[in-house]
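Next up: some structures, all given as structure tokens.
The two complexes that follow have chain A in common; it is paired with chain B in the first and with chain C in the second.
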Partner chain A sequence: MTGFWYRCVWAAVSIWIGAAAASAAPLTPPQRLALMQDFCAGGAAQRTAIDRLVSVGVADDHDWSARVMTALRNGGFVCRQSGSPVIIGSGVALDASTLQPVGEAPAELPYVPSIVMMRALAVASAELDLFSPKTETRRAAAAQVDRKFAALNPALVERALANEHDADIKRTLSVALAKRGLNSELPAERLKAIAAVAQVPSETSRTLLTNFLADHKDTLDPASVRATQAALRTIDEWLLIGKVCSVLFSGLSYAGILLCAALGLSIVFGLLGVINLAHGEFIMIGAYTTFVVERLMQAHLPGMFNAYIFVAIPVAFVVCAICGMLLEVCVIRFLYRRPLETLLATWAVSIALIKLVQITFGSQNVEFITPAFLNGGMQMFAGFFITWNRIFAIVLALGIFATAYGLIRHTRFGLLIRATTQRRDTARSLGVPAERIDRLAFGLGAGLAGLAGVVLTQITSVNPSMGTSFVVDAFMVVVLGGAGSLVGTAVSSLALGEINQVIEPLYGAVAAKVAVLVLIVLIIQRRPQGLFALKTRV
Partner chain B sequence: MNRRNFLSAVGSAVVAASTTSLPKTAFAGAKADPVNIGLLFSQSGTMANNESLLKDIALMTIDQINAKGGVLGRKLHGVVVDPGSDWPMYAQLGKQLILSDKVAAIFGCWTSVSRKSVLPVVEAQDNLLFYPLHFEGQEQSKNIVYLNSPPSSSVLPAVEYLMSEQGGEAKRFFMLGSDYVWPRTINKMLKGYLKTKGIPDSALREHYVPFGYSNFQTLVREIKAFAAQPGGQAIVVLTVVGDSIPAMFKEAINQGIRATDIPILGLDVVDSDLEGLDTKPLVGHLSCWCYFQNVATPLNTQLKSDWSKYVQTNKLKHRPDMVIDPMVSTYMGLNLWAQAAKKAKSVAPTAVRKALAGMTVADPAGYTAKMDASNQYLWRGDMIGSINAKQGFDILWKSKDIVKPIPFSPYIGKA
Partner chain C sequence: MSKLAPMLPRQRPYSFALLFVALAAYLPLANFLISAESAFHLSLFGVNLIGQIVCFAMLALALDFVWGLVGILSLGHGVFFGIGGYVMGFYLLNAAYSETKVLPDFMLFMGWHDFPAALRIFEHLPAALGLGIAAAVAAAGVFGLTTFRARINGVYFSIITQALTYALMLLLFNNDLGLGGNNGLTGFTSIAGYRLAEVSTQVWLATASCIALAGAYLLLRAIADSSLGHTLVAVRDDEARLRFLGYRTDRIKLFTWCLSAAVAAVAGMLYVPQVGIINPTIVSPVLSVEIAVWVAIGGRGTLIGAVLGAILVNSLKFWLSAKAPSVWPFILAGITLLITLFLSNGLWSGATLLLRARKTSS
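After this line comes the complex of A and B, so read on.
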């Protein structure tokens, strides 16, 4: 039965394609010109012109069609009062029908598609790309087919499927085609389509099936109704799982950012007991260091450009560590055990640093080119989408945490830091150079803040005052986690991140912030020493 | 918070005084004392990115007016202060400008909350605040000159366009804003307006985030889920401000929101917000202003080249090739003030106010803007822009002529 139906469709499609192929012989430049002038005339002719452009491209003028299509979509196509339209791109103007250079760029502004035309162009471009010689382009187009199916020309998809050799692309296309069976008269076709839709659970599939059920309420056979309802249940389950995963992931990634920002402070405030209000500015300096590294790499090592973020990690650490040690030498060391004066002094330093960066780089957001591998993300399943920049933040946060933890717990330097901070006088009398340890520990804290800056360049905007918002969050995390405990810092940032992201979708971002702050106040009332207090004798 | 910002304001005032204002103002040659003009724009904090542009174009326009001989034989002098994106500071520094610097007028503020903070000060001292942003309306004071459009001639035409066949027939609306008066009023008005268009409440979502908020992953996910639900085409009406805008766009790019699927109408989005972004995946998202820099008029070409020269000669940290609507509004506002002062033969705020009514000024967007005779709102043209791949906007639609501003929206009560 199914095979018969497919053969019927196939026969119809072959006839249609035969007709299309006959009409779409290779175009001469005047024919191309006529097509584009129809487009430039505007109105209803625009749509027909685009359809023709697609059929020409599918038949055999693929390069030219694709070129014009790209120009239309990216603001590189200029209709002119007189003469042939022009394609502009990378500085040269080309005659759109012959693709020969025409000298000076035209005075007219490029064509700007309206939203509706933009959609039409996206569909047309996906149709065209299905016939691209490049596998990657076809793969991307096939992914589009599933989303835009209602608008695509089914005969074209059938034809692309027949031409396709790549197994992955074939599967994507056949699932998309199967979905069309929903409107079929034959129950078996419908059941197959329902199964195909249920295979890719998403909010869109859910809408598709809900609409299907509502539209065909009276005419549908019981088996199809049951199948649809079962499919909807499956989709709902997947969506719920997807939602839970999404919230957990969001919480985790927020926790990653908090952890990055707070780790340095946890050493400076937690271990050394210095209330460093300039901590946020070290984050900012780390971000600007990344910016400088990015620019230098762009200028001198364009081939390695994507790796700038990894180059920035050690550089930002060292720069911030040096800044931190300078701050310690010039200011902090005179103020140990005088928290109020430290607070005021670091406050002043923080403002001075902000103004200094403002004078050097300006107050605007600085521009970062995100490395290619951090752009975009991946659809895991039903509504669960992960973005690479967040994954990067989480991984780097964990890496930094592991390193810092190892350094403090398992090295001699860490031992000395703990000894100095826990019983300073005893440590000194045993020959520990307490002043040097203070300086190094402060540098370590500042360096870790710099690493947070590197991570944040991929997530938030970078400007001189970016640090101010993070210093509050960082203090929150450290105070809640318990001063001096790295594990406490990690646990409290995880808790705050997750709580924040669980509340946010329900009551909004403002409420989430309020809830977290209230929670912290309540916890601090019960446990002033924080969740994981270090047992020390002060 | 206050103390921190106070220190920061003092610090930057010192910096500003020593680096920016002194070398540029030509005291020599002016016979009489210069006329002080207050420039109340933040150069630090979340608004710094945008407001520092307005400060600099104001200084440039003052230089231009001075080069033409100043006003009534006196040179103008821009007095720069930095309120540090802290709303109460706007009031304090506004008062200081009027009382100790004796300014003839103040040009300032970006957010509505800062304007609301200065409002009682200029009213009590009977001075003038020239406000260069499009905003929520619902306000009319004889001490504020509104240089940009209320929503009736900016937001509503854009939403109407998106609901039209050309704009993709939007049926469902996700309103996402920063939590303060401008987004809340705009959304209230929008809800009233959409109700009259027969859009049910179930097709609307409303979300607010704190100032400076940057963690948009959950909200973008909700937008995607909302758009996939049945009921027709969904759009996002974005009223977040400051640093939240690039953060929101970054997340939208990463989670794959495209204008062909879910168009975002960013009401406060200007070219400078797109500076740090790769805008290729953002192509087609929209904004509505009275001016986009692509508009081809001689005055605009002149203004753009003046600005680019000014940025380069003074080694400012701005992009020399970028001019945005609020900058143009500030520029027009200063010229308007100078014209009015000449006509009134006085720089006293009351005399200038009287002279302003009905006055016209050339708009680089290609219109002749006109000051309303009764309500101190400027009649401007209206445009819808679509983000292009070059971190700017292409003009998708523009009004034929200047539009009558309606300060008080009839839709507010209907929500």
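After this line comes the complex of A and C, so read on.
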């Protein structure tokens, strides 16, 4: 029983000690003075004083320590014959221990570090910065430590590593530590370093180990060689996994774009048997609508600027839906029994639209300012980097698909669309206003294309002819998935997106397109109406 | 699918070819004999323009043969035109190399030191002509075999041909393929020993194009008027019924498709020496849709309409895209929309209807 209480008290005490150590209690001025006098004494004590300065800064007195360090490096630190040293350079001379102004400027010359000391100070300063609350400062410091890895203080860097949350900085620090360890004379330390490098697989660490192996081929002991080779294998495995993941990820995001682009096409094709060659231009109009929204928000609502992408979603949908319905009213409805001529008529509309946009906005790419939250991305692990814009594309595509699916499957409007798609004449004789359904469905399809345009602004360049390159792929999705089938569209856009992105890095974009084409022709041999053909009796 | 006239209109079906024979006779006259002051004189530019337009007319003729007669809308006829063009380009490169012994620029960029042996098979003009047609027919055969057997019809077929065009264009844009990438093949000097820079060579090429068009028209017209031609129209109007009656409609379609590809390839082979360059834009999906637009404007299913449509649209295009480049797409779009909406069988059918109406009323 006493053992239990003993342990409890012990634990409480150790927690209290830990808390006391963590809470930053600045040094008293006499303690500071002692440290600096050691420094001013010169000789070997100077190095230990710097180490102490760093450890003091890391532990409890960061601000003061950083202040002195900067002064030391910039030639603003004046040792005096008697009394406290002085920091000059910021207009008024300060007492280095209390940071209070002193009366008159010192007569002595400031301290000028030697080249060796300069290097030591640079590392020391970077080490101090590793504990800065600002991520950017820490990142720069980590890069600095990595460059000067030979001079770093391993205990300190390990401590920084333990406190660090940012994966990127962590990786830099581990590599820096490992580099130092690899150059060590002690085999045990080398082995430890090799194992540490294997923990952080990346192209950099791979190059590091490969070079290490090549440089020390003759002098290295067999155990280290084996360990290095094993580490290289581990790193290669991870890099491969990373590569596979990033290919799958980019395939997924491409599939998202295809899904947005093809969904509207599929609904219209399934319902009306009409191929809308102007579909790509609705994508383009959606992108340009986003552009206009962006510029308007920039001019009139700069505070809300980052939200422009969300404002653009409904605006682009409505603009494109209106364009689509106009096209239906003016052209398509006269051509319903003549699908091939619809193709030509919509092509005519598409070249006119491209030229119109070219005249209005110019034929160059328009520049977009990416909203802050879509900039950059996150390193998941070695070689696998996800970018927020692609995540946005995937999420939006899923949202659009879910909405469209709900609309078609669970609303009255969707019911009428399905009825008209499956048996137009029966639906009409039961009182379904087929013409109005056609018009609304066409508007819906065009609106969905507009949403694809919004997503594309964050991923590719926006220019008047951007639609043509996407529309061919979107057609392929519809042909493969089966016209009018939402699930088919989703499955086939996923398949085509992944195939495209798997083949593209290996054999190039052309091979990807050709492979997709061949695959579709082969599949269509067995299933002429696509994978998920609807049973229709039009 | 709307029903066209059950049979082809039969006004002056064969004599139409005379128009191009006459043009073929006129071109050398107009350039060589008629003096430059005369209104009937044709400059090199004019002759060249006519030659190019006639090549496009031949391409439209090829498309109308499959679309108007059999009901297969190809949005990829530029592929066959391009195949013919590239093969002619290979021949012309051979000719240029044997003359100058200087490798074409793109081969130098590729780091080649010798003319590639694979292109040497196109060394002789007759061989190149045969190979060009053979290549186009082979490509059409493979593609047609897979698609027609799978009974891919209507817009599905059109979309797949468009994708094919797009894929081929991307392929040709690729520099590593060794076909000049986006610059294409150029730097031609002579054809069959005649210098391309000579006026007379260009005149004879344009003349040859006119004669080829007349010949192709007569050939296709003869097929269309034969009993095979009637079968073709039957395939267009009710393929299922014809199949039930025991016809192998896929073979019939394959035959037409390959023949059409051959005509398109010949057009491409005549086109390239006249423009002096062949690059991947010739197989861009846009041009291939445009061919269908020429046919639709002129009137499909009549062969004459397709030729006239191509000539009309291309003449307008040459004229307007120089005068008012930004207006041309709107005019083309406007014409296409008006024709598809209000005159679905095209200008030629409209004209013949008008003529017939006047004849019956008088």
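Keep this in mind: the second predicted complex is superposed on the first by the 365 of 538 C-alpha atoms of A that agree within 3 Å, B and C clash if a C-alpha of one lies under 4 Å from a C-alpha of the other, contacts with A are read in each partner's own complex, and residues count from 1 in each chain.
To be clear about the criterion, a residue touches a chain if its C-beta (ideal position, glycine included) is under 8 Å from a C-beta of that chain, and two chains touch if they have at least 3 such contacts.
Predicted model, so just to flag it, every value in this text is computed and none were measured.
On the superposed chain A, the positions of chain B and chain C overlap enough to count as a clash. Within the superposed three-chain model, A:359 lies in touch with chain B and with chain C [touch as defined at top]. Of the two partner chains, neither chain B nor chain C is touched by A:409.
Between chain B and chain C, B contacts the larger number of chain A residues.
Contacts of A:351 after superposition on the shared chain: both chain B and chain C are touched.
After overlaying the two complexes on the shared chain, residue contacts for A:226 are found with neither chain B nor chain C. Applying the stated contact rule after C-alpha superposition, one finds that A:340 touches chain C and leaves chain B untouched. Judged by the touch definition given at the top, the superposed model places A:524 against chain C, while chain B stays out of reach.
Of the two partner chains placed by the overlay, only chain B lies in contact with A:367; chain C stays clear of it. Of the two partner chains, both chain B and chain C are touched by A:510.
Among the candidate segments 113-121, 149-157 or 221-229, the part of chain B whose C-alpha atoms clash with chain C in the superposed model is 113-121. Chain A uses residues 347-348, 351-352, 354-355, 358-359, 468, 508-510, 513 to touch chain B in one structure and chain C in the other. Residues 1-2, 67, 73, 75, 146-147, 149-152, 154-156, 158-160, 162-164, 166-167, 170-171, 173-174, 285-286, 289, 292-293, 296, 326, 329-330, 332-334, 336-337, 340-341, 344 of chain C are the ones touching chain A in the complex. Of all residues in chain A, those touching chain B in their complex are 73-75, 109-110, 112-116, 118-119, 122, 147, 202-204, 206-207, 210-211, 246-247, 250, 253-254, 257, 347-348, 351-352, 354-355, 358-359, 361-370, 375-377, 383, 385, 387-390, 459-466, 468-469, 501, 504-505, 508-510, 513. Those residues of chain B that touch chain A in the complex are listed here as 4, 7-8, 11-12, 15, 19, 43-46, 48-49, 52, 85, 162, 165-168, 179, 207-210, 212-215, 217-219, 221-222, 224-225, 228-230, 243, 246-247, 250-251, 253-256, 258-261, 263, 272, 275-278, 280, 283-284, 294, 296, 316-318, 386, 388-390, 394-396. Chain A meets chain C in the complex at residues 269, 273, 275, 277, 331, 334-335, 337-345, 347-349, 351-352, 354-355, 358-359, 468, 472, 475-476, 478-479, 508-510, 513-514, 517, 520-522, 524-525, 528.
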